[in-house]
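Here the structure comes first, spelled out in structure tokens, and everything after it is commentary.
Here the chain labels run A, B, C, D and E in written order, and each chain numbers its own residues starting at 1.
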Amino acid sequence: MKIQLKKIKPKNYKKQLGQIPGSVIYTGKKDSQKLFIEAFDYNKDFCNEIELQSIEEAFTFGLENAITWINVNGLNHVKEIEALGNNYNLHPLVLEDVVNISQRPKIDEYDDYIFVVLKMLYYDINSIIVSEQVSFVLGKDYLLTFQESEGDVFDSVRDRIRHGKGRVRNKQSDYLLYVLIDAIVDHYFHVLEVLGDKIENFETNLFNGNIGDNANKDIQNLKREVLRLRRAIFPLREVINRIEKNDNTLIQNKTITYYRDVYDHLIQVSENIEIYREMTWSLMDMYMTSISNKMNEVMKVLTIMASIFIPLTFIAGIYGMNFEYIPELKFRYGYFVIWGIMIFIFLAMLYYFKRKKWL
Amino acid sequence: MKIQLKKIKPKNYKKQLGQIPGSVIYTGKKDSQKLFIEAFDYNKDFCNEIELQSIEEAFTFGLENAITWINVNGLNHVKEIEALGNNYNLHPLVLEDVVNISQRPKIDEYDDYIFVVLKMLYYDINSIIVSEQVSFVLGKDYLLTFQESEGDVFDSVRDRIRHGKGRVRNKQSDYLLYVLIDAIVDHYFHVLEVLGDKIENFETNLFNGNIGDNANKDIQNLKREVLRLRRAIFPLREVINRIEKNDNTLIQNKTITYYRDVYDHLIQVSENIEIYREMTWSLMDMYMTSISNKMNEVMKVLTIMASIFIPLTFIAGIYGMNFEYIPELKFRYGYFVIWGIMIFIFLAMLYYFKRKKWL
Amino acid sequence: MKIQLKKIKPKNYKKQLGQIPGSVIYTGKKDSQKLFIEAFDYNKDFCNEIELQSIEEAFTFGLENAITWINVNGLNHVKEIEALGNNYNLHPLVLEDVVNISQRPKIDEYDDYIFVVLKMLYYDINSIIVSEQVSFVLGKDYLLTFQESEGDVFDSVRDRIRHGKGRVRNKQSDYLLYVLIDAIVDHYFHVLEVLGDKIENFETNLFNGNIGDNANKDIQNLKREVLRLRRAIFPLREVINRIEKNDNTLIQNKTITYYRDVYDHLIQVSENIEIYREMTWSLMDMYMTSISNKMNEVMKVLTIMASIFIPLTFIAGIYGMNFEYIPELKFRYGYFVIWGIMIFIFLAMLYYFKRKKWL
Amino acid sequence: MKIQLKKIKPKNYKKQLGQIPGSVIYTGKKDSQKLFIEAFDYNKDFCNEIELQSIEEAFTFGLENAITWINVNGLNHVKEIEALGNNYNLHPLVLEDVVNISQRPKIDEYDDYIFVVLKMLYYDINSIIVSEQVSFVLGKDYLLTFQESEGDVFDSVRDRIRHGKGRVRNKQSDYLLYVLIDAIVDHYFHVLEVLGDKIENFETNLFNGNIGDNANKDIQNLKREVLRLRRAIFPLREVINRIEKNDNTLIQNKTITYYRDVYDHLIQVSENIEIYREMTWSLMDMYMTSISNKMNEVMKVLTIMASIFIPLTFIAGIYGMNFEYIPELKFRYGYFVIWGIMIFIFLAMLYYFKRKKWL
Amino acid sequence: MKIQLKKIKPKNYKKQLGQIPGSVIYTGKKDSQKLFIEAFDYNKDFCNEIELQSIEEAFTFGLENAITWINVNGLNHVKEIEALGNNYNLHPLVLEDVVNISQRPKIDEYDDYIFVVLKMLYYDINSIIVSEQVSFVLGKDYLLTFQESEGDVFDSVRDRIRHGKGRVRNKQSDYLLYVLIDAIVDHYFHVLEVLGDKIENFETNLFNGNIGDNANKDIQNLKREVLRLRRAIFPLREVINRIEKNDNTLIQNKTITYYRDVYDHLIQVSENIEIYREMTWSLMDMYMTSISNKMNEVMKVLTIMASIFIPLTFIAGIYGMNFEYIPELKFRYGYFVIWGIMIFIFLAMLYYFKRKKWL
């Protein structure tokens, strides 16, 4: 049977060897993804939401005195993304990073905008963790977001904008960035919860002896899942921290309190990941002791069986000898006496092993 | 038998997915907790203590030139807490944190008040560690405290205020905050002491061989208890440190000496936790060696029994053969000579194993 | 059989004992390498590429208003390198470092130039990792590069210079340094990918039980490969970081964005190395458990065989005894009854082991 | 047999639950200790040493232009200590710390004095490490020291003061503090040396196989002893470092060189502790391998015995069968031929095991 | 057999208990070492080298406008060293440190001179690592060096001074200090190379199964050797770093480039030590798996022998029974049929174990 291991090796690490820096080349696998651009334009008085049909519409979208949010799905459409980037005057490296889906969470500050990359984690229908890269470009009165494919964790935010719930319509683009990141971080908690359940189930099975031959592999997979989460989440702390400490006027002082709150949540997430890490690591030790315990049990059965019957067989062997003169053999009840002796030895052995707590 | 493991997964990590930031939503389980508000108003000349019947009474409670302490039990009463918060002009995120009981210990400084969250640990009647979140809002002449349910470690403080014992009546609200935190930290020592006893008992049992099949699980549970304490206590050091280093006029210079004292105690607690951590971690190794030692013992019994009786059985087998001509069988005392040889081999084997110290 | 282990000990660590500091002595093994000097002279309007026949030609090579790149292969030609160095006014220690191929990646800043050493990693024809030292001397309008032997990862860069692709012809020497380092770091990703495949293959084999007697050694070799990569790559982060933070006018502000991009890539590489490190380290644990599992299986076979047949042999022994009076022996169907009993015991044992899941 | 483990749990961590901060309450066990106060008054010209009969004598003790050293033994006499503290104007928390013997080494700087707590380690008559808390209050021209009971490591210092040896009589109180701390740190080296001997003895016994059933426990006790030393000594580095870096005029510049020397010694001690730590930790691994080696030996004996005699017994069994027609049984020398075959098999087996190096 | 372990416990840690600080007391073992003082006086024009007969000659040695290097061998001659120190106005603690050979590498800066202590490592004739303490006192135009005994790694430096090779005669005393330290660091590389060979040899033997009963102890000794090197070399990095960062005019700016070079070498050495550390630590794991593999082999032999012959013996036992009516016994070819059955079982077993790859 060929066993499929989860891959640890991130595929498509980066651009092709020999590629010119700043080339905008999509590195993911979803090549046939449809381009989908949704746009919001709002301030505290109104909200306009449309689906743009072409990237050119985005160039003129957005009123003055309003916050514009343009969300692009489909990173394989590099031309359109490049056009949008040029319209917003983005650095070539930013565009390269947007479509290169193996970025580490990071923040780059430019003169007129802030570029943030992070990982959105959620469970798909088969309850496998999906890690999707989301890029944000925060400008004075706009926010651009880029996702690889449709489906995200922002529906509650869209709802709040549409219906003016919460504070989002009264605030600037930096607050919009905050609520989107906050929605992502909320999902981290959910992902962690599911992972915690997996680890606990495995442990319970281990303690109950319900583990198959793949325990070794299952532990490895749990380890990797923890490592993947770590890699996706830990660098984000530094990103949020830099937003907080930031001098940039793009992030207002009033909003920083909110980012501090996200930061606190991230610290909580990180601590939980570290605890899961310790727990998955110690699963291996527990598995080892459970193997040793099993072997102990096997050995005990062997030892008890052998220790009881080998001496008895020896006695039987004695009286199977063909010496001409073995006086016991002539005794009328010799056979029964020997049975008695054997039963006595048998019981003594049982008692001995009982006292040793091997039975 | 279904084994119940202590949960490692903190339930109700945080707000619901998609919740609006700043929503004041209680995340705990004690939904039917009664609201209980006690209030102290004191200065060095008088002390007034009453139980408030409604949150509105709190708005007007407190004389000038006096310190006001309002202690709220029952975080499920979010409306009342929100009303109190608005009366004291607290930031929405503060109120969200007060009723979200999965906070990490932290301090947030606002212009007019300091917000501190920490974990109160004590043993309940079944000697299970209870970790309850306590929030403090320290203002110029007031201190608000919020607890999930009745029952806390502050009785000695109440007593001191009532009867003017110690310095508390002569000092400001920052000193009141100190004595409350000090009372909580004192209980950490007590909790640690009990945990230390558990670890030592387990070790003694391990050394004496009095460990059942659940040793693996017991060790895991000890590990987790240590991790839980770590998580509850370690971040508090940073909190106290920031109080000490603080420029805020709310904490007076004279009081900082006292916070330094609490900080010293926390360092002591942390060191002890680290030592317990090392000890629980090495329990696994000890358990492994104890399993191996047991297997060694089992193997020795088997080896001794087999090594002694297999050769003897062979000899008996020899003279059980039916060859027509086996001269020894005719000897008059052949049988007894063979017995002699067997007893000699038996004794030689015993001596051999004795010398090897296997017996 | 003599087993060849990959060497961990870097040979030729450093200069000979007692050597005068600043002596330019080649420490590698490729003593018969031919000297090969290629030179580029370009600006945005033209590009001149020639192979220099002697080091003296290099002294006068290069027009004003153009960037000069001189690439020297063959570090054994120390005289020529010294001559070139003196022409460019390089410090003796720089020249010593250029030809000493056991340098750690580092950056040294001098008044007129910056000296950078790093490791170029690629796979040779036998898919063995080659680590070759490359030194860079970045001056105001020139870049010198030194390699031990021909063959490098710069072909795409040469191509871009020749044909004016990308931005390289429009930029200064600091940008040329960037594209060369970027090409090297791109290859790190490739090397990592191959290493990741190796680790995964080993794991799959381990889980499937397809591991030979050299598993121990294979794991050691994987560990070392990871350590070698760490040692070659980790210090480079600091080097790039110092280029970024640098006050030197040699690195222009506009170019720093690009170095930050390289830095991000290096962090990604480092994280992956750390993950591979954890994985190779835990291979040992997995191997241990797989050995223990095998032993468990061996023991089970032994225990089952012994536990079934030893009691049966005992029964046969009983009726092999020669007592004169053993009533059962006279029974007409005694033999068949005994067979029945034995078969019953046999089946009972099978059932017992089945229920214990040993079969 | 009830095994006594050394306690890891520090008893009497701190004050009683609910105790008022600043309460001067003795937390140790030596409740019947006699109060003993010795006092030195000296400058470079004279030295006056007396034993004070009551604490009141201390209030007036000490001439102008002289250094006063008052050493108090017997921390259970809290009243007297409080009186002395009030006379010297000490902060209530200082007095609380003096009599609370579970302090961590620390330094607190007040306006007029510096308060230092550390641990004095020495071996008592039963060569058990005694850890006694010593507190120092360093004022402009006085030094107060507090010890739990009589017996300390300061005799050589007393001698130097009495007879004017060394520089101590020519220097200020900060130098006196230095020589006392230096005497304590000197004893750390001695304690470490003894611990090193214990570890080495255990290792030698482990390698020689002279370890009893308590090896597990002995290793645990060594681990704990190392942890205890760490806890007593490591924080002191920070204390001395802060004395060195200190702006306070109480510590003169000239004396700082001496504190730097103590600091160097502490770093040496710390390094040795870390090495002992690594060694005790790896004792467990060594013990595990020694157990496995023993089991290997046991298994070899069993395997050799069983492998040799089981086939021989089988052969004997063959010719013990009662078939009517077994031709070999009729052969004249069949019995002897069978013996020959058996001896051949026996020798072949021996040779086989010899070649495998199992014998 | 008494096994000699290499000592981990540094003997003569420090001065005697109760010793006065600043006492110049030799702590080593080479008490009968002859005093040997060599002196160099040089500038770029001349070089004067003599062996001084008494310490007094040193007081007047050295011309103006020349660099004086006085090298003292024989730390047991404390009087002479004290005299020299007083002549050069050295602090008593410096002299105490010079003759106390258990110093940690360190640097102390005084007003007129810099005091540096480090460890010189080389292999003696028995290829055992010798660690000898060397102290340097660097003054404006002089350098004092102190060694415990004759024999050092400075011969190439002496040669360069005598014959004016390299730059040393053209430079100041700070450059002389550099070349001496550089010579010492060069030897670290050599020592590491030899250690690397030892580790690799051990590994190769482990993989080939050529390890005796002392493997456990050999691994421990390798660990300790690595720890000793760490302890001797790691603190030196900080020393060199402080020389580099130093404001002192004694170290000229031009020379700092050279110290940076030494620092780079030390980082290389440190990295290699860390790699050796990881490798020696994982030797224990490898040893464990090799023991387990061996036990597996032993168990397989036992299991195969027992599994084959126990059933066969049982069959023989069956037909050894003495029932009156066993029909098979009467069959003409019963004996041969039974042999056939046995051989079939035997072959089936062999095939089974072959397929399981146990044979």
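Please note the rule applied: contacts are C-beta pairs under 8 Å (C-beta built on N, C-alpha and C of every residue); 3 or more make two chains touch, one makes a residue touch a chain.
The structure presented is a predicted model; accordingly, all values stated were derived computationally and were not measured.
> What is the graph distance from subunit B to subunit C, where chains are linked when they touch?
2
> Angle of the rotation mapping subunit A onto its copy subunit E, from a C-alpha fit, rounded to a multiple of 5 degrees, please.
The rotation relating subunit A to subunit E comes to 145 degrees.
> In angstrom, rounded to a whole number, how far apart do the mean CA points of subunit A and subunit C lie?
The separation of the two C-alpha centroids amounts to 27 Å.
> Let me have the rounded angstrom distance from the C-alpha centre of subunit C over to the C-alpha centre of subunit D, please.
So the centroids are 43 Å from each other.
> Find every residue in subunit D that makes contact with two or more other chains and list them.
Residue numbers touching two or more other chains: 288, 292, 295, 299, 302, 306, 310, 313, 317, 320-322, 326.
> Classify the inter-chain contact topology: is it line, ring, star, complete, or other?
Basically the chains close up into a ring.
> List the ring in order: which chains come, beginning at subunit A and going next to subunit C?
Listed around the ring from subunit A, going to subunit C first: A, C, E, D, B.
> Quick check: in the complex, which residue numbers of subunit A touch subunit B?
153, 155-156, 160, 165-167, 178-179, 182-183, 186-187, 189-190, 192-193, 196-197, 199-200, 203-204, 206-208, 257-258, 260-261, 264-265, 267-268, 271-272, 275-276, 278-279, 282, 285-286, 288-290, 292-293, 295-296, 299-300, 302-303, 306-307, 310-311, 313-314, 317-318, 320-327, 358
> State the interface residues of subunit B toward subunit A in the complex, per the touch definition above.
1-3, 5, 7-10, 13-15, 17-22, 91, 93, 97, 102-104, 106, 108, 213-214, 216-217, 220, 223, 227, 231, 284, 287-288, 291-292, 294-295, 298-299, 301-302, 305-306, 309-310, 312-313, 316-317, 319-322, 326, 328-335, 338
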